[in-house]
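A, B, C, D, E and F label the chains in the order they appear, each numbered from 1.
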Amino acid sequence: MVKIGIIKMGNLGMSQVITLIQDEMAAREGITVRVFGTGAKMGLAEALDTENFKQWQADFVIIISPNATAPGPTAVLEAWKNVPCIVISDGPKKKEARDALEQQGFGYIILPVDPLIGAKREFLDPVEMVVFNADVMKVLSICGVVRLLQEELDKITEQLGFQKSGKKLELPHIFAKPEKCIQHAGFSNPYAKAKALAALHIVEKVAQVNYPVCFTLKNLDQICLTAAAGHEIMGAAANLATQAREIEKSNDTVFRQSHAKNGILLTKTKLYEKPK
Amino acid sequence: MVKIGIIKMGNLGMSQVITLIQDEMAAREGITVRVFGTGAKMGLAEALDTENFKQWQADFVIIISPNATAPGPTAVLEAWKNVPCIVISDGPKKKEARDALEQQGFGYIILPVDPLIGAKREFLDPVEMVVFNADVMKVLSICGVVRLLQEELDKITEQLGFQKSGKKLELPHIFAKPEKCIQHAGFSNPYAKAKALAALHIVEKVAQVNYPVCFTLKNLDQICLTAAAGHEIMGAAANLATQAREIEKSNDTVFRQSHAKNGILLTKTKLYEKPK
Amino acid sequence: MVKIGIIKMGNLGMSQVITLIQDEMAAREGITVRVFGTGAKMGLAEALDTENFKQWQADFVIIISPNATAPGPTAVLEAWKNVPCIVISDGPKKKEARDALEQQGFGYIILPVDPLIGAKREFLDPVEMVVFNADVMKVLSICGVVRLLQEELDKITEQLGFQKSGKKLELPHIFAKPEKCIQHAGFSNPYAKAKALAALHIVEKVAQVNYPVCFTLKNLDQICLTAAAGHEIMGAAANLATQAREIEKSNDTVFRQSHAKNGILLTKTKLYEKPK
Amino acid sequence: MVKIGIIKMGNLGMSQVITLIQDEMAAREGITVRVFGTGAKMGLAEALDTENFKQWQADFVIIISPNATAPGPTAVLEAWKNVPCIVISDGPKKKEARDALEQQGFGYIILPVDPLIGAKREFLDPVEMVVFNADVMKVLSICGVVRLLQEELDKITEQLGFQKSGKKLELPHIFAKPEKCIQHAGFSNPYAKAKALAALHIVEKVAQVNYPVCFTLKNLDQICLTAAAGHEIMGAAANLATQAREIEKSNDTVFRQSHAKNGILLTKTKLYEKPK
Amino acid sequence: MVKIGIIKMGNLGMSQVITLIQDEMAAREGITVRVFGTGAKMGLAEALDTENFKQWQADFVIIISPNATAPGPTAVLEAWKNVPCIVISDGPKKKEARDALEQQGFGYIILPVDPLIGAKREFLDPVEMVVFNADVMKVLSICGVVRLLQEELDKITEQLGFQKSGKKLELPHIFAKPEKCIQHAGFSNPYAKAKALAALHIVEKVAQVNYPVCFTLKNLDQICLTAAAGHEIMGAAANLATQAREIEKSNDTVFRQSHAKNGILLTKTKLYEKPK
Amino acid sequence: MVKIGIIKMGNLGMSQVITLIQDEMAAREGITVRVFGTGAKMGLAEALDTENFKQWQADFVIIISPNATAPGPTAVLEAWKNVPCIVISDGPKKKEARDALEQQGFGYIILPVDPLIGAKREFLDPVEMVVFNADVMKVLSICGVVRLLQEELDKITEQLGFQKSGKKLELPHIFAKPEKCIQHAGFSNPYAKAKALAALHIVEKVAQVNYPVCFTLKNLDQICLTAAAGHEIMGAAANLATQAREIEKSNDTVFRQSHAKNGILLTKTKLYEKPK
C-alpha cells in the first residue's frame, strides 16, 4: 500500500483535482491518499500547521500551491525536505529557482499554464472564482496537463510500489510549457491538437493580463476592466479546448487512459472499445 | 478567529471549491480553514482516519462527500456528532433520511443538483473526470449553488464570530432543489434566470442517466453510450448556464458578492461599481 | 391502393408531420392519405365529429393526440374500435393503461419523448408555440422518432398492400423510450449518438418541468419563469440534436431512408451515393 | 360559434401549424376548427375529395397548399368558390395571378418566404424533411409570418363573430414579402429586427436554389450537393432568426400576443408582465 | 521576370488581397508586382491618373474595381486597351456587356459573389466597412474565389514567363457564379462543400438587399434597417464558410496550394504533409 | 484638395483597408488618395521604385509595411524623409527605435496588435493567408485600431486642409498597445469592452507563436502545428471581437463615426439615429 500525502495551500486550477487523478474511479487498490489543506490562505501559520500531517507517514508527498517560492510554501518545503516530495506550482518561472528546488532534493512540475486569477475584491467573488476555475480545468484536462501529472505521479507511485526501501526515488523535474503539455494530450487530429496548443498559449497570456490586476493597478475601472479581460481570455482558451475535444469526438478518437484496479494504466481510443 | 474544519471524502462537484468560497481572495481576517481529505475513496478506513483531525479543534466542521448515508460518511458522522457539523452531499434524497440527520444534530445542505459522474473504467479517465467536473462547476457557480453555500456558511461563521460560547448554533437544513438554488443566483434578466433554472433541472437528469452506468448496466457498448450521453447532458447544462451569465454581462448586471477583509459580504452589480 | 386515414386531435410535436412521413416526396404510388383534424381542441364534440370520417373507409387509421386516455381521445377510440387503428400519443405512461389499449385491439406507439408544452396564456402565444414545436421536431427527426414511426407505419401499409383481406393485421405496441428511439436514428459516430440520446433524455425533463406550469402553478412569476425554463430545456435538446447531425455531416455518414415510388425503403449513407 | 374549416393539400412550412395559431391554448371559446387534409399529395383526386368536407358547413375556409395555381389547388378553388375562402400558399408570385384570385372572390396570403424543399428522393427522406420544416417554422414564427397570419385570420373570425349574416366579409389580399412580414414580428431591438429580416431574405434564396433540384438538375452529385446547399441556407436563416429572438430575450422584450378565452388578443412584452 | 501591374479603383472584397495572392510568402522569384490605386474613389480624374502607371511597362495589368462598366473604370479600360489586361469586378452581370469586354481584347473574371456594401453614411463608417470586408474575405477565400483567381492569374504569369514575345496571351473570360467558384475550393467533405456553396448563394442575396440601400431608399429607418439586414446576411454567409473549413480541419483534409520559390503550385492536404 | 499618398510594401492586416478608412463612402470632398504598392515584397528594389511616386506631389504620405526597420522600409524612409510622412507598422517595438523615427521627423503609429502571419510555405497558401487577414481585420476594426487610425489620419488631413503652408504639421507618435486601442473602440457595455480588450491581448500572443514559425523552427510537423496554433489563436481573438460587437448590437449601442461629405466626423449610437 503506497501512502500518498497531499498538502494543499492556496489554490491553483490543478489543486481542484490533484487528489483524484490517480484514482478517478475510487477503486484503485494499493494506494491510500490523505490530504491536508489550508484553504485559500498560504501564510506562515498555515505552513507550520502542515507539521501535524507528518504523523501519517506518507511514502511521498505532493505539495501544491501557487508560487512555490512565496514565504508560506518555502516554509512548507523547509519543513518537509526530509520526505520525498514533489512540488506542483505555477512558478518559479526562472530556471535557477527551479534548479535550486532540485538541488534541495525536491521533484517539481511547474505549470506556467495554470494561470493567475484576477484576484481583486472589486471583481472577484466566489461565483466568479469558480467560473474561472472551471475554465482553467477545461484547459488543463483537455490539453494534456492533467495527463502529464497523472503519468508522472503514477511513475512515482509505481517506484514506491515495487521498492519501498532501496534505491532512491526518481522524481520529475518538469517545466510544463505548452509544447510539453500538448504531447500528453493524446490528440489524433492535428487541428484539434493545434487548437489545444493555442489554448495553452492563450492561458499564458491570462497570467500576464491578471498580474497588474493583482499587484499594480489602483484605479477601480482599470482593475475591473482588466480583470474582466483576463477572465474573457481564459474563457476563450476554454472554448478552444472544448472545440478540440469535440473534433476528437467527431472522429471517435478520444484517447482515454484509466486506472485498472491494480493501478496499471489502461488505454482506449474508440468509444466502444474495451480499455486495455 | 473562527476555526473552520473541512472533511472531504470522495468527490462532489462542490468539493472542488468548498474550501475557498468563504475566502475567495485569501484575504479574509477572522477565519482559519483547515482541510482533511481522503482523496477519491470514502470507505471505513478513511472514515476512521478523520479522528486525527479532531486535534485541531475546529469551531465547526463541514463534512462533504457524495451519498451521506453510505457506510463511510455515516461512520464519519458518528465520529463527529459531538462537534457542530454541517453535511454537504448529493443525498439522501428522501425526507425521512434528512430528518434523521437533523435529529442527530447535524446541519445539512443536500444538493440533488450536484450530479453523479459516469464512473465506469470503460469511459471515465482522469481527463474525462475533470472535464465533467468543470461543467458541473459552471452550473453550480452560475446557477446559485455556490452562493447558497457561501451565504449559509457565512451565517454559521458569523454566529461563531459573535458568540463563541453561549446559545446554540443554528445550522441550516436545506434540500437545494433547482427552485431553491436559483433564488440565490442573483439574476436580473428573467430569461437568463430561466436558462439557469433550466440548467439545474437538466443536471438532475444527469444523475438519473448516470445511475445505471454506475450500478446496473453490464454491456460495454451500453455503458459507454449511456455514460457519454450523461456527460453530454452535463455539457448542455453548462452551456445554458454560460449563456445565462453572458446575458447578464450583456446587460452589465452581473451580481457579485465578495468578502470584505472583515468577512462582511459586499455586493455590486455594474462592472465599474465599487462593492459595498 | 392502401387507404390511410389520419385523425388528429390537439397537437403533439409529431402531429405536425405524421401526414407526410410515409410519402415525403408526394410521389409514392399505392397509398392514399386523408386527414381529419379538430384543430387544437380535443373534447367530446370533436370526438363525435370524427364519425363522419368513417365514410371514407380507410384501410387503417392513425389516431394522434396528446394524452390518449383523456375523455376526447377515449371517445374517439370507442368510436373507431372496429377499424384497424394505431394510436400515437405521449401517454399513457403506465403499462397497464397501454396493455388495456392492446387488449381493445389497438396498436400504439407511445412517445414519452414528445413533450408537453408550457401551455399557459401568460407565456404561450402562437409564436412561442411554433418555436417550441420547431425544437421538438428537430429532436424527433434527428434522434430516431420520425424514423421509428416511418418504419412502423410502413410495416402496416405493407401488410395491407399484400393481403387486403386475409390474416389479421399486426399492429405495433411500442413504448418509445429514449433507448428505443435512438436505435432507429441511424448514427455512425458514437458521440453523435450519445448527443442524440442525451437530447431525448432531456426532452423527458421538459414534460416534467412544464407539467406544473399547465396544471398546478398559480403565481404569475412562477408560471412564466418555469415555462420559460421548460422551453429553454427544449431548446438545449434541439441544440444537442443538431450537433449530432452536424457530426454525421462532417463524416459524410448521414443515414437517409426515402421511399421509392412503389413505397419500398431505399437507403443511402454518403451524400453522393445513389439510394438503393 | 364561428366554424373555421381548413383544407390542407401537400405541405408548406406554414401547414404544420395553421390549425393551431388561432387557438394556441386549446381554450378559446367561440370558434370550432375542423381540418380536412390530403397528406403530401395535391392532385385532382385529392381535390375532388375535398367536396365531402362541405357537409360541415364552415363559415369560412382556409385553403393551404404549395403553389396555388397548380392543377390540384385550382380544382379545389373551383369547387369552393361559393364559400368564403382564404388561400395560403407560396405562390403565385406574379401579381396578375394574384389579382385573378382576388377577382374570383378569394382572399389570399401569399408567402414567398415559405420556401420550396429540396424534394428529390436522392436527398430527401422523412428525417431530412422534418429537419427542414423545423428550420422553416423557426423563421416563420420568429420573423413575423405566424403573427401576420394569426392577425389576419382573427380579423376574419371577428367579422364572422359579430355579423354572421349581413355585409360582405372582408378578406385579406397580401403578398407577404420580407419587409411586410417583419412589421408583424414585434421586435424592440433594431439589430434583432435586422437579423430577422435577413433571415426572411435568405429564405427567399432557399427556393431559388431548390428550384433546379426539384425540376431541372439530372446529375446525382449536382442534385445532392445543391439540395444540401439549399437546406444549409435554410439552416443559416433559422440560426439568424434564433439569434434575433435571443437578443429580445436578453433585453426582456419578447413580444407575446395570446388569445384570451373570448378570442381577444392579449399582449405583453416583459416576461413577468400580465398579458392584457 | 514577369512584371505584373495592378490598378485598383474603389473597393471590392477581392481588392484587399489581389496584390498578394500570387506571392503569399513574399518569396516568389520571377515576378514583380507594382500597384497603382486611387483609394475609395473611382471617377474620371482617378481614371486619368492611371496613365502615369504606364511608365512601369507591366507585362500584363490587372484592373480591379466595382462595376467595370461605370464611367471611371470604362475610362481606365479605354486608356489601357493596348496592354494585356484582365478586369476583375462584380459586374457587368449581363452577358452582352461581358462579351463586349472580350471583343475589346480584355480578359475578365466577373464576381457576382463579391457583394455590394451597404454604402450609406447613416450606417456605414470605417469600422462597419472593415467588418463587412472581413466577412467577405472569409467567403471569398474559403469558398474558392481566391483560388480561382490565383490559378487564373498564375496561368497568365506562366504564359508570360515562357514566351514573353510570341503567340498571343490567352486571357480568361469567366463569370464566376457560385457553382463555378465552388469547384476551386478543394473540399473533401460534401457537406462542407454544400455549406460553402450555400455561403456563395447567400452572398448574392447581400447585393440584392444592399442595392436599394445604396440607390433607392430615402427613409432613415429603412436605410439603416435594410443595410443592417444586408450586413447580417453577409455575416451569416461568413459563418457558413467558416463552418465549412472547420469540417475540413476536423477531417484533416484542408487543401492547400502554395507557391514554390519558382512559382510552381505545390499542393498538400494533410496538415503534416510536405507540399509538393 | 489634400493629396494623400499611400505607399504599401508587404502586408499588414491594416494594409488591406488603410486606403479606404478616410473615405469609406467614396464620397468625401476635399481629399484625393493615390496608392503606390509593391505587392507582397518589400526589398530594396521595391523601395527604390517608390521614388516614381514622388511626381504626384502628395501633401503627406502614409508608409505602411511590416517591420519598419527592415532594410526595404528603411530605404523608403530614407527616400521620403523630406516629405511629411507617417509610418504605420507592427514594429519597431523598442522605444529607442521609435524615438529615432521621431527624431528623423516621421510620425508613426506602431501596431503591436497587427500580428505576424505564420508565413511558411508548408502551411500558408493564398487561402489561409486571406482567412487569417479576415480575422485580423475583425479585431482591428471592432477593437479600436481602425478608428484610432481614422482619427489620427483625419487630424493630419484637417491640418493640411486649413494651413497648406505655414506652421509645421503635427504628426502622431503612437505605440498602440491594447489599452490604447481599446479607448478608441467606442464600447458602451463594459463586458463588450473587456472582450475586445481580451482580443487585442490575444493578438499579441499570435505574433509570439508565429515568430518561431517564420524564423527558427525547422521540423515540418512543428512548423505546421505551431503555425496552425498561431492561426487558431487569431481565430479565437476574432471570435471575441465579434462577440463584443454582438453585445453592442443587442443593446443598440454600436458607435458609428462616418465622414460627412466635407470630411467632418459624424457620430451616432442608436441604429435609427441620424448621424451628426
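In this section, contacts are C-beta pairs under 8 Å (C-beta built on N, C-alpha and C of every residue); 3 or more make two chains touch, one makes a residue touch a chain.
What you are looking at is a predicted structure, and each value in this text was computed from that prediction instead of being measured.
**Student:** Using the contact definition stated above, find the chains touching both chain B and chain E.
**Tutor:** Chains touching both chain B and chain E: A, C, D, F.
**Student:** Same residues or different residues: which describes how chain D and chain E meet, taking over half shared numbers as same?
**Tutor:** Shared-number fraction above one half, so same.
**Student:** Among the chains, which has its CA centre at the largest distance from chain C's?
**Tutor:** Ranked by distance of C-alpha centres from chain C, the top chain is F.
**Student:** Averaged over CA atoms, how far is the centre of chain C from the centre of chain D? Could you give it in whole Å?
**Tutor:** 22
**Student:** In whole angstrom, how far does the Cα centroid of chain A sit from the Cα centroid of chain E?
**Tutor:** Result: the chain centres lie 49 Å from each other.
**Student:** Which whole number of Å gives the spacing of the CA centres of chain B and chain C?
**Tutor:** The mean C-alpha positions of chain B and chain C differ by 40 Å.
**Student:** What positions in chain F touch 2 or more of the other chains?
**Tutor:** Correct list: 190-191, 194, 224-225, 228, 250-251, 271-272.
**Student:** Looking at the whole structure, which two-chain pairs count as touching?
**Tutor:** Those chain pairs which touch are A-B, A-C, A-E, A-F, B-C, B-D, B-F, C-D, C-E, D-E, D-F, E-F.
**Student:** Quick one: in the complex, what on chain C touches chain A?
**Tutor:** Going through chain C, the ones touching chain A are 189-192, 194, 247, 250-251.
**Student:** What residues of chain C sit close enough to touch chain E in their complex?
**Tutor:** 249-252, 254, 270-272
**Student:** Can you name the residues of chain B that touch chain A in the complex?
**Tutor:** Of all residues in chain B, those touching chain A are 4, 6, 8, 10-11, 16-17, 19-28, 32-42, 45, 49, 52, 55-56, 119-131, 133-135, 137-138, 140-142, 146-147, 150, 220-221, 224-225, 228, 238, 245, 256-260, 266, 268, 271-272, 274-275.
**Student:** Could you pull out which chain A residues touch chain F in their complex?
**Tutor:** Interface residues on the chain A side: 190-191, 193-195, 197-198, 201-202, 204-205, 208-209, 224-226, 228-233, 236-237, 239-240.
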